[in-house]
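The following pair of complexes shares a single chain, chain A, combined with chain B in the former and chain C in the latter.
Let's look at the complex of A and B:
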């Protein structure tokens, strides 16, 4: 790997690796009360007393809050005053405050890997009733003993600086992907923007207006679509998708597949081809609310404006080839591939609207129920270029509806069909669309059937009030059924008004379903190509729901917009900005720091290759009859260790004998060097 | 005849007490199909899925499990012609098979009642599922000696299909099993409003809130008669009772003039399989006493 040549030793940490092994361990143990969190259940004083008797422990203390400045001083002073050369803090999990103490001992000149956490909070006090203080105390002592045992053989590990590739991949050209691309490109970092549709803009460009200001989304987004398309730092690839991703934070290698467009870039977007194309099919972009040809562009302002041929529906009459004034149409175009190197990745592939067909009582898409549509279909109907020319008309007969009933939580908040989560956006877009119907067709009555009206945030509740003021009606109840009267052909919505506790039978001309936002189709394939985790609902999972909602489960891959969970445009844009900052940071800095926790291979290796196959990062290979470790790619996951039949491959500081020492501490064995 | 052509026949309460003609028809149909029905001696009330369970779920399970034990001793699956019995027996059977804790608890109680131990060795079948799916619209043709012409409003009732996850018979929101069977014996199943709602009898409503029960039935009758059926087809003696006595009540109290015959799936199927029309027993019912089926000849299968 080329990265290996770029590896430099970072200043200050290039210490003698054998130093800590030569010195006799002098261990300091610090037991934290964590207020009542630990001390309420565990006798911390006794734990400290017992710790003092453990091998090589020269200092054992307890304190109210070890993570406070005073607590950290205790740890530091023990190094200065008692010659402590390894520390064990018995408090919370190692992900919570492990780094706090590691940094503290580093400031005192110790290698940070010589610190070890004993988790007596999550593993002990929090999961033991207060009435069992004695048992909890005993358990805490065992955890501390295990940590002390483990601490004995810890080695210093160096931190190295690795050079990063200055480029970012953004997947998805909707509002989140566009915002992230723009922000990153403006920092002078080259951006590859990959979009699977033939044009960028995403769902936002499908909307008629946006809440809470009822603005035109096309007008809001076009500076971004144009800006990104013309930005010198952005390489825009539409009709393309990510096939594979290798590598890690700082240095990814990505293969991108470009589907043939069958129209070259010299297309002037004159539209002759589409005008003459004899094939006409319902437009997916318009959710069936308009027709398109087999050669088409998604919408008039589409960027890029180059037409695209739909090979599936094309009858190959070649009229388009003949009428194109610039000869741009070319049926011989083939699939193409690009391999790019980037330092970070932003995933902004958005969402799909839930297809309500599985909810049988609503009869969506069933024959005779053409007047049951979704909010996205309504948006496309209201669009100026729709079949209805922006008028609210019943799909079945083209008449202006006297009454429209909207149903909330379709596919959301439903543990039987669809998803359990609240999409959180539908209350607002239903209010917005209700207002739009009243605007376009003032005579139409609009009724919204809801479970709870959820409009948190500035200007949102006000927006709901506005709907009430202009005469939109609200019924608190989830309709049980949409039924067509077999005699009259009229639609009926059955709902209980749970405020007056009255069952209601609403005869209506149209029903609009507020369908949930769900993970986009194909996210499984993309998710596994990226090696990132997904939530049980299928969205890409954030690293931490509170503290790091923008990073994926994998370092270097960031999430923007609805792919991390349903959200509105405002929040998608905000998260995109955050993703851009995180994705750009290591590239602007130019390097990342990597701790060299690596496996070592002993001479008894039989070259069976099991570890090479098992390594999820492809960091191992056999070279010159030896297992070679790619120090950059290795994530120290340790999976190579248990698969080795002879125990030759061992990860530093997690070697089998070290783990055995730790387990012995838990099971009652106190002898560290067994 | 092997085990798979024999059932333990669970009678329930309403059928033997009010509608023996449904029992006769069921026995006729099963015999013609080559099935033997074994009597369940000492069987008691199922007990009803809505009422007793609402008061004491464990006792409800114990009483049901006792009935199931009787069939387990016979080593035969249970056949029932009633939605309520099916609701209780099928649900308790499934729950006890899947839940060890409940099984142990119920068996503790069963010991007190005598030589009973729930083992979870049998299944519970509803006549609608048996005819509509196990035999099915195609296979039944082999046994028909005539078909019946007519428009029919099919009433599924509640416990036959709901809750879907437990019953696993057909969709409870858009079922076709009975409509398909009705069409297979020559009928036209006409769609009507609120087809899948309750008849108003179950859940203790008929006994506790008679007016409400009749209000629900009134809606039902209004929606059914709007599409002018020849008769109502049901799969449950309790729905049957509600439609029968309810029409009479509505006529007397609400000024209606209903006289819509109410036919259980066993009755119409038996007639199509050759049972004499007098045994369908409409003259013993309250509605459509003089109603006559319009038979249609079918080609011989010989």
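Let's look at the complex of A and C:
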């Protein structure tokens, strides 16, 4: 008992001990049978016997299940009774039960970093045939010896509480970004909302109706856009983009670039400037379905409602400056930069609609094929503020089409052109738009050519049934080509009905392509600025597809909405809420815990600066003729260690001599314990 | 793998020892996945867990080779997927330079290799191990190894 007290005492006070730990290592080795998982292939008794002979090992035992309550008790008792101050458990991987034993020894007053896990299950017993028991046993002994060697010099590592900056950056002002901003701001955390466009709202405001309730999206989103724009905790930056991101979870430093708007905030959005502007160009917002001026507002309800000048198309006649009643127009505005500090980041930059022009047989955007449009263009055409005034009209001649053919899976579910994945929402929005066409011009016939009708979820299949009931026709088959008859000017869609096995030639007035949702343009630049990984399609990759679909590959950066993968509004909003909760958690708590595994710099450092350039986290800096380590940014990757020409920079518990001990344990080298 | 195994048995029946440094992220993940899927590979493979493949320097590789290992490899994440940005690239270039050096000194450059693995695919790890053993046997046959 006295011994145990000593151990506890020394563990409590030894935080300031240097590398040469004052107390002699007393190592306890525990070999797990893991039922038959290990014991079936490895002679665990022999491993324990061999382990007992290893240097500084005071206790070597084997037990059926080390992770069971009794097994953990065994570890704890060895600390109490045998004065063990380092533990080696030979069982499964470090990620699986390493934390279990680390917690156990922590309860006995030892630092959790004094535990070392030897993986003899995944790396030994499971990958060696049962017939080779001898070899497997030898291999397990070597793994244990390496672990014992490595644990000789293990040091205590302190877990420090790091303060977090109480602010969040939300990139993207679409529905997901707005929802996340609102949820975070309501928790009392300052939010910086950065939006690339001149107004917030995103793709949702471009839609005419939303499925499955055929509700007006503008009506559902405007409380949110208004609420976010007027929230006291939200700083709204439109026409801006994120230039660079430094730091790590809890403390990010972000540089934001503001493009000049050329209109000051005192704009009353009276519209005088746009009325008098002589330049007229097709609106990108309306996918070319309406015209805008060189000084414009994206759409009537846009928030912020300040006008913006398009410098590229402006002829600088300065009419707008003259007519503005409040003198808000100012051509001398310049690019501005802001550097902000935030604790977490939510990325909600959404998606782009796939451009179907690479699919040659569909002739999208080719001369003579103006009547081949995408679903988003159709949405804008149906919008009340479009040129057609919410009428379904053929773009080529302005006549009401007698028949509209919709083609599904354009750019998705395609191995040759476009992407392999299923966007998952095209079936639903095609159904919705078909219903809307039937609603706006009931005499128009609508045919949907599909591969599979995918309508999973509550109320979705019913929605599909509804389209069938109101007379939308469905043909199962992917059209091979769209061709224009030069005589009649009508389009012909060639498709094989795979249910009746019949080739069909559909004569139609208009074709609507259900284009896929693809990663937005410029996501590569943003991804590398954020240092997050992307999936092979280009979306930002989630941490774990099932267990953590909201976190990105980097801690402190969370994903919301379609940037993680194609999603409908419902799921985007749900994920945005999850991202908001995750992003707010460390900021509400006020601190994050970080294990202080850091490099130490010895006096023989020659200040060559190689480690500074090698550090991927930019955590090293030369200050006052010394290499200074940024304790927050350092991730203990150890990349600085081999680049040092004199071996001055060494990461705690992974020093070169410690790695050497482990290597010698595995190879059975002559000087096993140095 | 089986080929390499039989070779080693037929020729001189000595036990091989191969040290493989695997990074904490994809490398360890792939090896674990291989284990969970009960894929068997040569029992000569000894895995050392390092935080990042960029942490393994020439010193570690030479220490392994001079202290009884027949071959030494470093396995990191796929290119572009390093959890610390570029550790796998550094490691790959390091091994390339070491290979050149080995060749110039008259040793076989097949003893040291760099690979990438994917955490979700155990066969990437076992494939790498097979390749290591094949290359090692080739190096042994050519007589370019240390032992």
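What we mean here is this: the second predicted complex is superposed on the first by the 510 of 674 C-alpha atoms of A that agree within 3 Å, B and C clash if a C-alpha of one lies under 4 Å from a C-alpha of the other, contacts with A are read in each partner's own complex, and residues count from 1 in each chain.
Please note the rule applied: contacts are C-beta pairs under 8 Å (C-beta built on N, C-alpha and C of every residue); 3 or more make two chains touch, one makes a residue touch a chain.
Values in this document were obtained by computation on a predicted structure and should not be read as measured data.
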Contacts for A:133 in the overlay, against chain B (first) and chain C (second): which applies, first, second, both or neither?
neither
Determine, under the contact definition given at the top, whether A:492 touches first (chain B), second (chain C), both, or neither.
first
After the superposition on A, what does A:660 contact: first (chain B), second (chain C), both or neither?
second
Is A:360 contacted by the first partner chain B, the second partner chain C, both or neither?
first
Answer with first, second, both or neither: which of chain B and chain C does A:122 touch in the superposed model?
second
Determine, under the contact definition given at the top, whether A:259 touches first (chain B), second (chain C), both, or neither.
neither
Larger contact residue set on chain A - chain B or chain C
C
If we overlay the two complexes on their shared chain A, which of chain B and chain C does A:638 touch? Say first, second, both or neither.
second
Looking at A:93 after the superposition, I want to know if it touches chain B, chain C, both of them or none. Which is it: first, second, both, neither?
second
If we overlay the two complexes on their shared chain A, which of chain B and chain C does A:483 touch? Say first, second, both or neither.
first
Touching residues (chain side chain B, partner chain A) in the complex:
171, 173-174, 190-194, 226-227
Chain A residues touching chain C - in the complex, by the definition given at the top:
93-95, 119, 121-123, 126-129, 132, 135-136, 138-139, 142-143, 146, 531, 533, 553, 614, 616-617, 635-639, 641-643, 651, 654, 656, 659-660, 662-664, 666-670
Okay, in this complex, where on chain C does chain A touch?
15, 17, 19, 28, 31-32, 34-36, 38-41, 43, 46-52, 54-60, 63-64, 67-69, 80-87, 90, 94, 126
Note which residues of chain A are touching chain B in the complex, please.
360-361, 481, 483, 485-487, 492, 494
